[in-house]
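Please go over the structures that come below.
Look at the two complexes coming up: chain A is in both, with chain B in one and chain C in the other.
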Partner chain A sequence: MIWTIVKKEFLNNIITPGFIVGLALCLVLIPYTIYTGIRTYENRLAQHETATKHADDIYQKSQVYAQVNPLVVKPVSPLSIFSKGITEQTGLCVELDRKEKPVFSSEIVLLNENPFMGNFMSLDFTAALTILLSLLGVLFSYDMLSHEKEQGTLKLSLSNSVSRSTFFFGKIAGIFLTLLPILIICFLIIFLIIQFTPSVRFSASDYGRILMLALMSLVYFAFFVFLGGFISSHTKSSTLSIIINLFIWCFLLFLLPNAAAYLGKNITKVEDYKQLAFNTQQIDNEFFNKRDEIQKTLTEEGFQFVGYNFCAGWDWDGGNMILFTPRSTMEYERRQKEIVNPLLLANCDRKWVLQQDYLQQVYRQEKTVRYLSCLSPAEIFKQVSASLCHTGMESEVDFMNRVRTFQDMYYGYFVQSGIYSSYAYFTPQKESEIPETIEEGNTQASAWRKIAKPESTFDFKSFGYLDTSALPRFAYTQPALAKDLQSQLFLLAGIIIVCILLFWFSFVSFIKYDVR
Partner chain B sequence: MLYGNFTARQNLDFFAKLGGKTRLTKADYYALLRKVGLQDEAFEKKLKTFSKGMRQKVGLAIALAKDADNMLLDEPTSGLDPQAAAELVALLKEQKREGKAILMCTHDIFRAKELADEVGIMKQGHMVKRLTRKEFLEEDMEKLYLEYIGQHDLMN
Partner chain C sequence: MKNLIKHEIQQFLYGLRFPIALAIVLIMFVASSVSYIGEYKEVARKYHEQVANQETLLREEASNATNVATNDRSYQLSPRGSGFISDCGELNMPNTLVYNAYYHIEFDTKTSRNNPFIMPSSRINWAFVILVLFSFLAIIFSFDAISGEREQRTLTLCLSNPVRRSHILASKFIAINTLLITFAVTGMLLALVILMFAPTVQITSETFLEIGLFFLFGVFFIGSMTAIGMFSSVISRSSSISLLLSVSLWLIFMIATPSFAQTVGMNFYPVEKYVVMWTNINEKRKEIEASFPDGKWTSSWNDPFLPQHEIRAAMQTAFAKNVADFEAKRRNEQFRQLEKTRQWTWISPLAVFEYGTEALLDGGYLRLRKNYNDLQNFKIQYMQWFKDLDAKDDQSPHWYNAHEDYSTTKKAVTFEEIPQFTERPTTIGERLSETLKYLSVMLAYMCLMFLITVMRFEKYDVK
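Moving on, here comes the complex of A and B:
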């Protein structure tokens, strides 16, 4: 019996203008969003490769430890073709610096990227699905009962020995079955596009996430079907039902998320970043005072700075790469770096307390907006999808937390292994090769130029590169599916509970529905 | 009363199955549609293209398909042309001969007189007069009807 109703509902729906328009929109929007998603992914992949090469060069082509400030590169997930999430607002790389902990990742800006293009609408697969699924859900269900009542078929159907619950379940199942051809066609198109794109390859875990995304899509679709069913069972005409449905659809998809963002920003304020920069500057000023005192003490202790013969780069602890410079300056530099760098790391920790406070404010604001926008199923769908595709806020926060942990470990290693106390930290010359006077340094430099024939002033290849094999390396693995789901559990549970409630209310309303 | 996007045969199939007749074939549906006087070329046409008379015929075919002992008909001849109405009454007569009970509400006194064994006159939801076939054949039905619904002045 139920199959008869399911089949009728399916056949009746697939010839409606709603289905045809929905299918046509899917056939246009899905391939388009997947194609643009792939292009963006390939672009980011190219950026990732460039950044990774640069990061490797830092380890492989540095001549002193002071130059080895690692560049940490965030992996690009192929799942980002489905959801851009916050990838356009965040970057791929973080350049570590012992003076300050990174707050956000930075972007490598390609020269061919036009910054003014950000003004135009950009749609990804998830955003397209958010609109399409909800619209189809509404179009398939708004007249679920009211239209049957209008044309008298409800009366005729229920005059048979079919129970109201069987009729209701049959209609719901029929609506879900109607979505099936659209889903099959869409996934077939996606599969074909991906098959012909060698740069996109998914792992087994990625397929698990795609499956979760498909299930989430069904839950999201169900929400609008049950909502349509509920409204349909409370209205006597299909016209009134579609008006109410479309109003709620617009409210949930467009008005509520924007209102939530506006309200959230006003409820939870974030201090001005300039204020944070000013406060951290105060801490830096205290550091500079201490450093000046250290330099004074060093001179008093008999360490003499007689000038550099060659110094490439400058940092808060003195020269970065010093060559052909008299021993007294080199010893002064070594001692200064030995004392100043632990102080610099402590200074970095002090600033981090302020930065952390700022970050907490940013997180709190995001949470407020997120919880407010969770009144909209479209926002829940977007957030869960972004989380599943490694493009959500959790992914960025997790990455940055690991980067900061790595930074602590990396510079901690420099302290523990005495790198800051060594000559190798700032000169590629062996201790025994360091000249005693400026004149000797000059002679050494002239002799070196004749033998090494450098291509430029800063070409010191002949000194060889540093062996960095013992230095810590950053390795990042994306969080497991379970962890991502755990963070979205609250949202998932919320939308599923609302779906069940809507289903129950529409079912009860139909049971009590006056068919006369 | 029926699904406009479905053909006559699809409507018949759906409602027959809801009525528990799951083993009927396409040929059976066609036979039923022929029985109610629908032209063959209309069997696989969408109902939204049908006239009211054609729809009434499909509705009747559904009732026949269910093979119900009792039939409730609400204004079956309204909006039908004289020929279609005559065909419908002929079909109902056949059902009557086969022993089916038919309860029909209508404003068509002449068709009622032609078909009914018993006639009841309703006024504001209440039956105000009930007549057997013998009684109403002896009476002027139209006059009787107008008397009971309070418009007998018109007759004068």
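Moving on, here comes the complex of A and C:
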């Protein structure tokens, strides 16, 4: 019997304008969002490739240790074509620097790099799905009972030997079955597009995540179906039911998320990033004063700076790569770097206290906004999807934490292995080759130019490259599905509980429904 | 006609739509005011902090006039007093200009960051409430204006009286708009009262003028959306179809149009990629470098008159000009892309409303662009000031170097002497001339939609 009701409901629904409009919107919006998602992903992939090559070059083509400041590149997940999450605000790379710990990643890759176009909303697959599934859920369920009552068919149906619970379950199952063709068509289109896009390849784990995304879509759809059913069982006319449903739909999807974010930002305030930059600059100024003192002391101690012959690049501890320069300057530089670099690292830690405080404020604000936004199922859906697609906040925070740990380890290695005290830190010349006087340096440089024939002023490749095999390297693996799900467990449990409650309330309402 | 309008309004007053809509409208307006008060205080505090920081930095740099000219200075746009009406999309745009006396001028997109872990959202202000909520309400109130009456069989009865079809339609149109405008007025008044109690928010006579014009814009916008709802109603035979059509149109205007327009803009008005621009800059830089003789990198801090400093100054300045030229070209492409893309979105009344509000309040992109243009003029005076200062110093070789302080005056200047860029206020007249363009488009939109609806209704089968 239940199958007959399911079939009838399904056949009734697929000929409704709601189904046709819903399907049409899906056919337009879903391929479009997948197309833009793929384009953004390809941009990110290209940027990732360039950055990775650059990161490798830093290790392979550096001539002195002062040049080896690693570039850490975040992996790009193909799942980002489904949910962009916070990828439009966070970058792809982190350039390590002993002077400062990274607060945020850099190199943000956007579909459109124009900063003035920020107000043109770029819809992703998940955002489109939140609108379409909720609208379909409402359209399929708003007249689930009220329409039958208006038509007088409810009395007829229930006068048969069918129980109210069977009738109710049949109706719900029919609605879910109606969604099936739309979902199948949408996913078929997605897979067809992806099949013809060689840059997008999913791993087995990615397919697991896509499946979870599909299941989450069903839970989200169920929320609006049960909500529609509940309202339908409490209203006497379908017009009234649809009006209430649409008010709630508009409120949950468009008003509440924006209001929650706005209120959340006002409840938990964050210091201006510019202020943080200003404060850290003040700490740097103190460092510069200390460094100047050190330079004076060095001169007093007998170290003599008589000028460079060749110096490529400049940093807070002096020249980056120095060549053909007299021994007295080289010894001055070596000693300066030996003293200044531990101070630089300590200065970096001092700044990190402020930066950490700023980051804590940022995290707290995000938490407030997230809790307030979770009043909307659409936001829960978006957050869980972002987490599943490696584009959520957890993924970024986890990556940045690991980068900072690596930075500590990396520059710690420089201190422990005495790199800052060595000539190799700033010159590719051996200690024995260092000239004693400026004139000797000039002779060396002329002789080198004749033999090496450099292409430009700063072409020193004839000196060869450093062996960096002993230097620590950064490796990152994205968190497993279980860990991502664990972080979203409360949200998932919350929306499922609300769905069960709504289902139960609508079921109870229908059992007591006055069919006359 | 008067009776018809009265009757329509009464119908709505007894329905469920009226209390729900009024409640949401009042909640949203109150929320917008309460949040704005807290936000404005914070934004104003941060702004003054930044101005003070900039002054501190400049005072430190003033010990060497060349540093004042070559180092970057920031100009942050001040918070607008009319932010409670609309933020004009400023949240998603840069709000700081960085420049020096030489060629450098850019928008700061690095330090002007919002919390990157929060997905972008809109500020709740009057424009948002009108744009999202009122457009939706206009549709909810109008979708069954005709189709609903047809379903209830009251339309035939109504038309059996000696009343013209256009009058019926007009009365419904006026009734819905009267109701929605009453909601808007109530909400705005309530929000205004709350704002007036906040000591930090300044409401001036100019603000009232802005509110008045914004309200007028809002009336035309609500009218346009009502006309769209009624249009859906006269082309459908049942209210469920007209509702579906109205909601679909609403979604297309609100969600799909800006999204599709962005794709159109990117493809039709492309902007050079950042990576490509820097590859070109570096290639050109190599050419510039090669064109200068040997010794160009030789320098001495103690000897400003070292002949190589002249070559170096010319080369560094050529480098700076090279970067600035490429960046300016790309920035003009970005401006063009935005302006052209905006034209594509004129099909949506929501977009027209947004642009009109921006023009009226002198905010958003228009304000940014105005300051960018003015800053370029200011930079000419700024450079001239530095040149005049340098000319007075006989210890300076007067070789202008855009990046270094080897060969121009190193004398100290007082902070008060340094030229300061200030934003030029836009007169109401200037704003109105821009606003009127959008206001006429909105008015035309409303009239056209209503006219089409009337024409369609004349042929409507009421049976």
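As a convention for this text, the second predicted complex is superposed on the first by the 506 of 516 C-alpha atoms of A that agree within 3 Å, B and C clash if a C-alpha of one lies under 4 Å from a C-alpha of the other, contacts with A are read in each partner's own complex, and residues count from 1 in each chain.
By definition in this document, contacts are C-beta pairs under 8 Å (C-beta built on N, C-alpha and C of every residue); 3 or more make two chains touch, one makes a residue touch a chain.
What you see is a predicted model, and the numbers here were worked out from it, not measured in a lab.
Participant: Of the partners chain B and chain C, which touch A:T153 in the superposed model: first, second, both, neither?
Facilitator: The first partner, chain B, only.
Participant: One more residue to check, A:K8. First (chain B), second (chain C), both or neither?
Facilitator: In the superposition, A:K8 touches chain B alone.
Participant: Taking the superposition on A as described, I'd like to know which of chain B and chain C A:F191 touches: first, second, both or neither.
Facilitator: neither
Participant: Of the two partner chains, chain B (first) and chain C (second), which one does A:Y207 touch, if any: first, second, both, or neither?
Facilitator: Neither: A:Y207 stays clear of chain B and chain C.
Participant: Name the contact category of A:S161: first (chain B only), second (chain C only), both, or neither.
Facilitator: Only chain B; A:S161 stays clear of chain C.
Participant: Of the partners chain B and chain C, which touch A:N266 in the superposed model: first, second, both, neither?
Facilitator: A:N266 sits against chain C, while chain B stays out of touch.
Participant: Once the structures are superposed on A, label A:W504 by its partner contacts, choosing first (chain B), second (chain C), both or neither.
Facilitator: Neither: A:W504 stays clear of chain B and chain C.
Participant: Looking at chain A, does chain C or chain B touch more of its residues?
Facilitator: C
Participant: Would you tell me the residues on chain A in contact with chain B in one complex that are also in contact with chain C in the other?
Facilitator: Common interface on chain A, chain B vs chain C: 16.
Participant: Which residues of chain B touch chain A in their complex?
Facilitator: 1-6, 10, 14-15, 17-20, 62, 66
Participant: What does chain A use to touch chain B in their complex?
Facilitator: Residue list for chain A touching chain B: 1, 4-5, 8, 11-12, 15-16, 151-153, 155-157, 160-162.
Participant: Of all residues in chain C, which touch chain A in the complex?
Facilitator: 16-17, 20-21, 24, 28, 31, 35, 38-39, 42, 46, 49-50, 53, 57, 76, 89, 92-94, 96, 107, 109, 111-124, 128, 132-133, 136, 140, 144, 148, 239-241, 243-245, 247-248, 251, 254-256, 258-263, 265-266, 271, 273-275, 286, 289, 296-297, 334-335, 337-338, 341, 364-365, 368
Participant: For chain A, which residues count as touching chain C in their complex?
Facilitator: 16-18, 21, 25, 28-29, 32, 36, 47, 50, 85-86, 88-90, 104, 111-123, 131, 135, 139, 143, 238-240, 242-244, 246-247, 250-251, 254-255, 257-259, 261-266, 269-270, 272-275, 277-278, 362-363, 365-366, 369, 382, 393, 396-397, 456-457
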